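In the two assemblies presented below, subunit A is common to both, partnered first by subunit B and then by subunit C.
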Partner chain A sequence: MGAVKPVSLALEGLGFTFPGADEPVLRDIHLKMDAGGFLVLVGESGCGKSTLLRLLAGLEKPTNGSILFDGVEVNELEPRERDVAMVFQSYALYPHMTVAENLGFPLRVAKQSPESVRSRVGEVAEALGLSALLQRKPGELSGGQRQRVAMGRAMVRQPRLFLFDEPLSNLDANLRAQMRAELGQRHRELGITTVYVTHDQVEAMTLADSIALLRNGRLEQVGSPEDCFMRPETDYVASFFGQPPAAVVPGAWSDGILQLGQGQVPFKADWSQGQDSQLKVGLRPDALVLDTEGSLEGHLDEVEYTGAECRAYFRLRGLEDHRVCVSIDSNEAAKLNVGTTARLGVLNDRILLFGADGKALRVTPE
Partner chain B sequence: MNAPLLLLWFATGVLNSPLAAAELLAQSGQEITKKSEAFDCGQSFKAEGEPLVLWHAWRDQEAEALAKVVAACGLPLKVTSSPFEGFPEKVSTALAHGRGPDLFIFAQDRMGQWLKAGDLATQQAVPGRFLPVAQEAFLHEGQSYGLPLASKSLVLFVNRALEEQPLEDLAMVPPRDQPLLWTTLDSYYHAFPFLAAAGAAPFDEAGQLQFPSESDRQGLEMLGRLVNELKVLPRSLNADQAKAAFIEGRATYLMDGPWSLDGLRARVQELEIRPLPKVNGRPLRPFLGVDGVFVSAHSTRLELARSVASALASDRSAALRLERAGQLVPNLKVGAWAKAQGLRPLASQAMAAQVNGYPTPTQAEMLAIWGPAKDAVTAVVRQGTPAEDALSLAKRRIQKMLDPLPPPADLAPWFVVAGLLGVMGLIVVVRRYRADRLTRRSRTPLPTLLGFALPGGLVLILLVGAPILTGLGMSLFARGEESWRFVGFANYLSILASDGLGPTHPLSFWFTLVVTVLWTLINVALHFGIGLGLALLLFRPGLKFRTPLRLLLILPWAIPNYITALAWKGLFDEQFGAVNAMLLTLGLDPVGWWDTGVAAFTANLCTNVWLGFPFMMVTALGALSAIDGDQLEAARMDGAGSWFRLRHVILPQVMPAMVPALLLGTIWTFNAFNVIYLVSGGAPAHATDILVSEAYRFAFEGQQRYGYAAAYSVLIFGILVLFAWASTGVKGRRES
Partner chain C sequence: MRRWLTQMGIYGFLVLVTIVTLYPLLWVVGLAIGDGQRRGGLNPFASAPSLDGFQTLFRQSGFGQALFNSLAISLAAACLGVLLAATLGYALSRFQFFGKDAGLKSIIVSQMFPGVVSSIPIYWLLHHLDLLDSRTGLVLVYATTSVPFCAYAAKGWFDTLPSDLLDAARMDGAGPWRTFWTVALPLAAPALAVTFLFAFMGAWSEFILAQTFLFEESNYTVPMVLQRFTDPHSADWRAFAAGSLIVSAPVLALFYTLQKHLVGGLSAGAVK
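Our next item is the complex of A and B:
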């Protein structure tokens, strides 16, 4: 596939405001990424992740801060001067051109000879399994084939940086999983630095070297998928990742007792950061178990059967506004009746604790 | 034609004392009214039986005065007013079909055609009642066929407040920058006084056509000199502009007719009316048109009609019409009475100013003269063409029009061909239907099918099929004086042979075809370019005021296009137009927009481009908004500049929507009749006419060559069908 020259990426105090708008879309983004890395940008819609991608592409120019490629500022460079390729959510294939013409478009722009265009298009089509489709128009392709053409058009030029804007969101679930795997493999083969925008946390978790979670234009956390899941820096991160995500409920701790609604959980810990404080407690489905001796009492709201496991949603006494999810075995679930109450035990080492400001408290239970 | 008699009659009193007359009028309005009642209607009528039918083309005050006359004399008449345009044709057609009026009022110059058709009944002339020249205008071979009611001719209006010394002889006026005598010269009617001053007459003593004669040449040359060398006459004005200049006090002298009197009297304080001035010592002689009452030879109550006509021409009637409408009545007794009473002093002046009038000839051939003669005048006055060339061309055109009809063609082979075609068509239809019946699974019964097809089919047949067939049929005929004659392809042959004028003459089919094709190509290219360009500008992301801008740009399309066309015509006016005003401010010479083919073509082009680009813009905007914006960004990412994006991403996606628009635009432009007709009007001398506007002229501008014009239309239709067929073929190939 020829020599690649992946780029390292750094964002320093990056900010962006749409012309004429009052509120910035992005503010004070700091981020570093090694050459050849795979960064996934996630966040709710409107958080600014796509805008950040467009800034990297050069389709928008930053208002503050700088974007560095290999340590060189590229803020004012046009897209074509950045040597970046992008795959759009809509694929943005040219409907009037055949697959071969679509794939060859970037090379034709670069005024390469027809022969070299043809041979390069042949290579890419071969690699992506598109060889049989070269004379078709995009309208005659399936969703997955179009997606491959879009990727092929990005690959054909051997850019320094790949940008993906929710590339799999228009595919059905099975195809999405397949394409996701293909994409990961492609990245391992090519080793080109990649920034990938998605709202699908499975994609984020499976593909990323590192994940950047954006919230209202700010970076909430940057870290490996494991960091983000296991060691969320804020309650927002905890409530973003996981299926279902962690339920964050109010709590209070004093004298070895964690008060959760009307339940009192014995919780002895080395409590170095502020005692007595109001807390936010993140409960993932694996933090609670059905336990007739358990310290919490919950009202069973709903049971979701997902296969071998089931999700049981409880409302804890005194915390009726929140639903917490418990993973249980299907056999056990069959014994439960919606509308009844059950006792729940807490696994102390699985609890996520946050201060009233939402920042994670690093507390090690004894 | 008895001009001295006219002179004798009027050359006393009135001219010298308009003020005294006005005083008299003011003092004794009541009395004068009484006195008009003292005139009689000649006879009285008993109200019995159905009233007779009278048609006329008078309007406003003249029509009201006529109603007064009918009431005052108790005439058993049902009066119907029709538009002036087309009135004689309407009368001819109605009389021929037995649905015509018993009496009608019109100018004497169209009498010839009715006489030829035997439509007119003789009437008893009343010796001594009318101005002799007016009565003589209705004479034909010793018989009188009408009674004069009112006379009209061009006269000289003078604003005495501006007059330095009386205007005697136009040729003696020292050279000047500004015109002295303001008038339009856009017609043979307005140029005729100058030709007649040189002794020209359209017909000789024996009534044979002699236009153009040597005198015409001299007169036309003189006219050219007066305009272009001495500059005493304006080069390019329409009648309204000349009148406006006079009203606004920019002109001392105006040559116009009595129909303008009402508008002028109210606005010009010291208005006076005189006979037209002289040129080289010889008086200008305008056409004198005399409105008369005619009696239809087909009337079932001829005697009653004759006596009603006589009453309409009675003293009482003349007095009423003079008093109420200021009509110029050629009635001796009433004239003298008005003069004595000082009644309507300006009307009296106008009557006196008709002294050198030349009664408009009544020969039917006159119809063939107006158009070619007008073009000759325009060529000489505006383009400096030598009078001899202009007139010899006019002569050829007139002869062509007066040529005997093409020989009748034999109908038999046509019937055979038509019959064969019909049978073949029927066979095809039946076979189709049978084949369909065999292949179609669910058979719908024929009556149901017809039920669905009939409403639409009927509309198509009535609104599309019938006119096309009528046109096709008409193109094989030529209209003679009384009937239509089947001439086969003679009309087409004559058109393709350019009517004998040579292919480079503006009236030749080939010349006009080239103009039309150029016109269409340039227009559509500009429509497309400007429309697409503006659409691309409007489409730019982040454009401010997009909606108001789009609205503004669509506006030219939303305004009725004849209004736009007239506005542009005004903009391109040589003297008062904004375009020339701008050229002047830029230090450039003003352009005579209607004087050269290229300039007039440009003016038409500007108008039609203005009218045409919004359609392309709207279409392009629609097509553009269907393009996924991501594609343009993707192309940007791939390094494509704006030209490359336009060429390879935008245009290929916009064109499928633009091709039908281009097809439609081409057909509309090819037939853009109103722009050509309203803006340049084909000026100069038909050089800017396109096929469809030329076809119109052959049919409706004096020549009435309906079959010829129909053949023209069929040719236009054929060209467009060919074009549409070829271009959909191209489109089909592109799509497959």
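Our next item is the complex of A and C:
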């Protein structure tokens, strides 16, 4: 395949409101992305991630701000002028065309000669293992094969930017894992800048070099998967990432003691930002351990068996409205009885602290 | 036992309805291929077989020419009507433009009036276009009168096309025309088959407008020729029946070839 120059991407104050709607779907999005990068957009349904993708595609035009490809504004350019390709959640294969015709469509539209269309389609089909299926119609293909054809149709034109809208969400779990691996592999081979929308955290974490979490049309955090997971900038980010995500509970700190419900956790730290303040405390499943000497007491609500480890859900005394997950070893789980109470210890260096406004507090425990 | 009775009741009713529907048709067939002498009371095929009816039909009256005229006019009108209806339906379904709602409503309203109402303005139009007494003129009249219904049907079908498909075509570099021709139109084939049939049948069996706008006998359509056999003073019902059979043939043939699409087209959008 010929050399393609991937594009670098920048969004500056991007906003979008659907014609006739009052509320904007996207507001004030600032984002930079290097050429050849893999950006994953995540967020709840309706947060605007698919709309952002459609703006990048050129299927919608921004209301404010600008979209820059290699520093050049492309706001008003049609998709074909932007040289981008998109894989749709529904695959959007043309049902009346064969696989070969589907793959060749973008080339035929670009008025390439029949010979070059044929040879390029052959190349792409070969690379995706579709050579034997070229004469089939999409209706005669399995889900995974359709997904590959959709990929192929996006690859065939060698675009500068790939856009994916939840491309794997219609596949069953095993196939999804396989296609996810293939997708990552392909991105490493082709090196084309990619923006990928998903609601699947595993996809986001494994594929992305950078994740952007959207909430109500605003960017909540942009960062590497590790940043998003380990160093969430807000309590919302903490309660979004993780399986299960962090439980965010109210707390307070004063004089070396972190108050969680009725539990008092010794927590010595160099505390410059707001002493004695009301806090939000993010507890991931690995922040708590079963410990007969522990400073917290929890009522065991439920145990989920997931394989080597189990998830035990507790309601901490004084914080009965919240369920806190603790990941424990299966052998230990066998000794627990739902409905009883247990003592839990806190690993100070694993807990996440946020101010009352939800912004992260960077506090290093001593 | 009660279930059995209910079943019998349903079957009996259906048989009765079938007889009521088919009997007049059988009568026409019997009349067309009989010798015109009535013998047995209710049996439509009681008279001796004879093809005199068909002979009369073709020997006099320019029936062959009329048949050709009707076929040419109806096919041209249906093709033109479907083409206009498909583009209009697509635009109504997929684009936002000024006057769209008003246009849609006026299409529906226009369907509330019989076509004859507009015969005087159309007459005036054709007169000024120098298209009175011409087959081209009648093609235009039939094509345009079929457009509102057909466009509405086509819009309904285009509404059911997943927008992802059209977005995908746009991403693949296709402009609006290319998307319409290569993606939307082929996928709308079943619906267009149905609208084609309606447009064709409307033109094929139309009498009043043809009678109003055509004068020269060489331009006559089949219904106009057939009408002459029903003249109260010299009615030839056998020739009329024979003509009716021939007139039904193209419609039957069309129904037969399009039936696969018909079921899909009529129920299109019912289940997604």
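Here is the rule we use: the second predicted complex is superposed on the first by the 366 of 366 C-alpha atoms of A that agree within 3 Å, B and C clash if a C-alpha of one lies under 4 Å from a C-alpha of the other, contacts with A are read in each partner's own complex, and residues count from 1 in each chain.
The working rule: contacts are C-beta pairs under 8 Å (C-beta built on N, C-alpha and C of every residue); 3 or more make two chains touch, one makes a residue touch a chain.
Owing to the predicted nature of the structure, the values given are computational and were not obtained by experimental measurement.
**Q** Looking at the overlay on subunit A, is there a clash between subunit B and subunit C, or do the two fit?
**A** These partners clash in the superposed model.
**Q** Scan A:Arg80 for contacts with subunit B and subunit C and give back first, second, both or neither.
**A** It touches subunit B and subunit C both.
**Q** Quick check on the superposed pair: does A:Val338 touch subunit B, subunit C, both, or neither? Answer first, second, both or neither.
**A** It touches nothing on subunit B or subunit C.
**Q** Touching A:Leu59 in the superposition: subunit B (first), subunit C (second), both, neither?
**A** A:Leu59: touches subunit B and subunit C.
**Q** Of the listed stretches 237-245, 273-281 or 669-677, mark the one in subunit B with C-alpha atoms clashing against subunit C.
**A** Stretch 669-677 of subunit B has C-alpha atoms clashing with subunit C.
**Q** Which residues form the common part of the subunit A surface touched by subunit B and by subunit C?
**A** 19, 57, 59, 78-80, 84-86, 88-90, 92, 94-96, 105-106, 109-110, 153, 157
**Q** Taking the touch rule as given, give the residues of subunit C at its contact with subunit A in the complex, in rising order.
**A** Residues 96, 162, 164-165, 167-174, 178, 182-183, 186-187 of subunit C touch subunit A in their complex.
**Q** Under the stated contact criterion, what part of subunit B meets subunit A in this complex?
**A** My answer: residues 542, 628, 630-631, 633-640, 644, 648-649, 652-653.
**Q** Which bits of subunit A are touching subunit B when the two form their complex?
**A** Interface residues on subunit A, with respect to subunit B: 19, 57-59, 78-80, 84-86, 88-97, 105-106, 108-110, 153, 157.
**Q** Enumerate the contact residues on subunit A facing subunit C in the complex.
**A** Touching subunit C: residues 19, 57, 59, 78-80, 84-86, 88-90, 92, 94-96, 105-106, 109-110, 153, 157 of subunit A.
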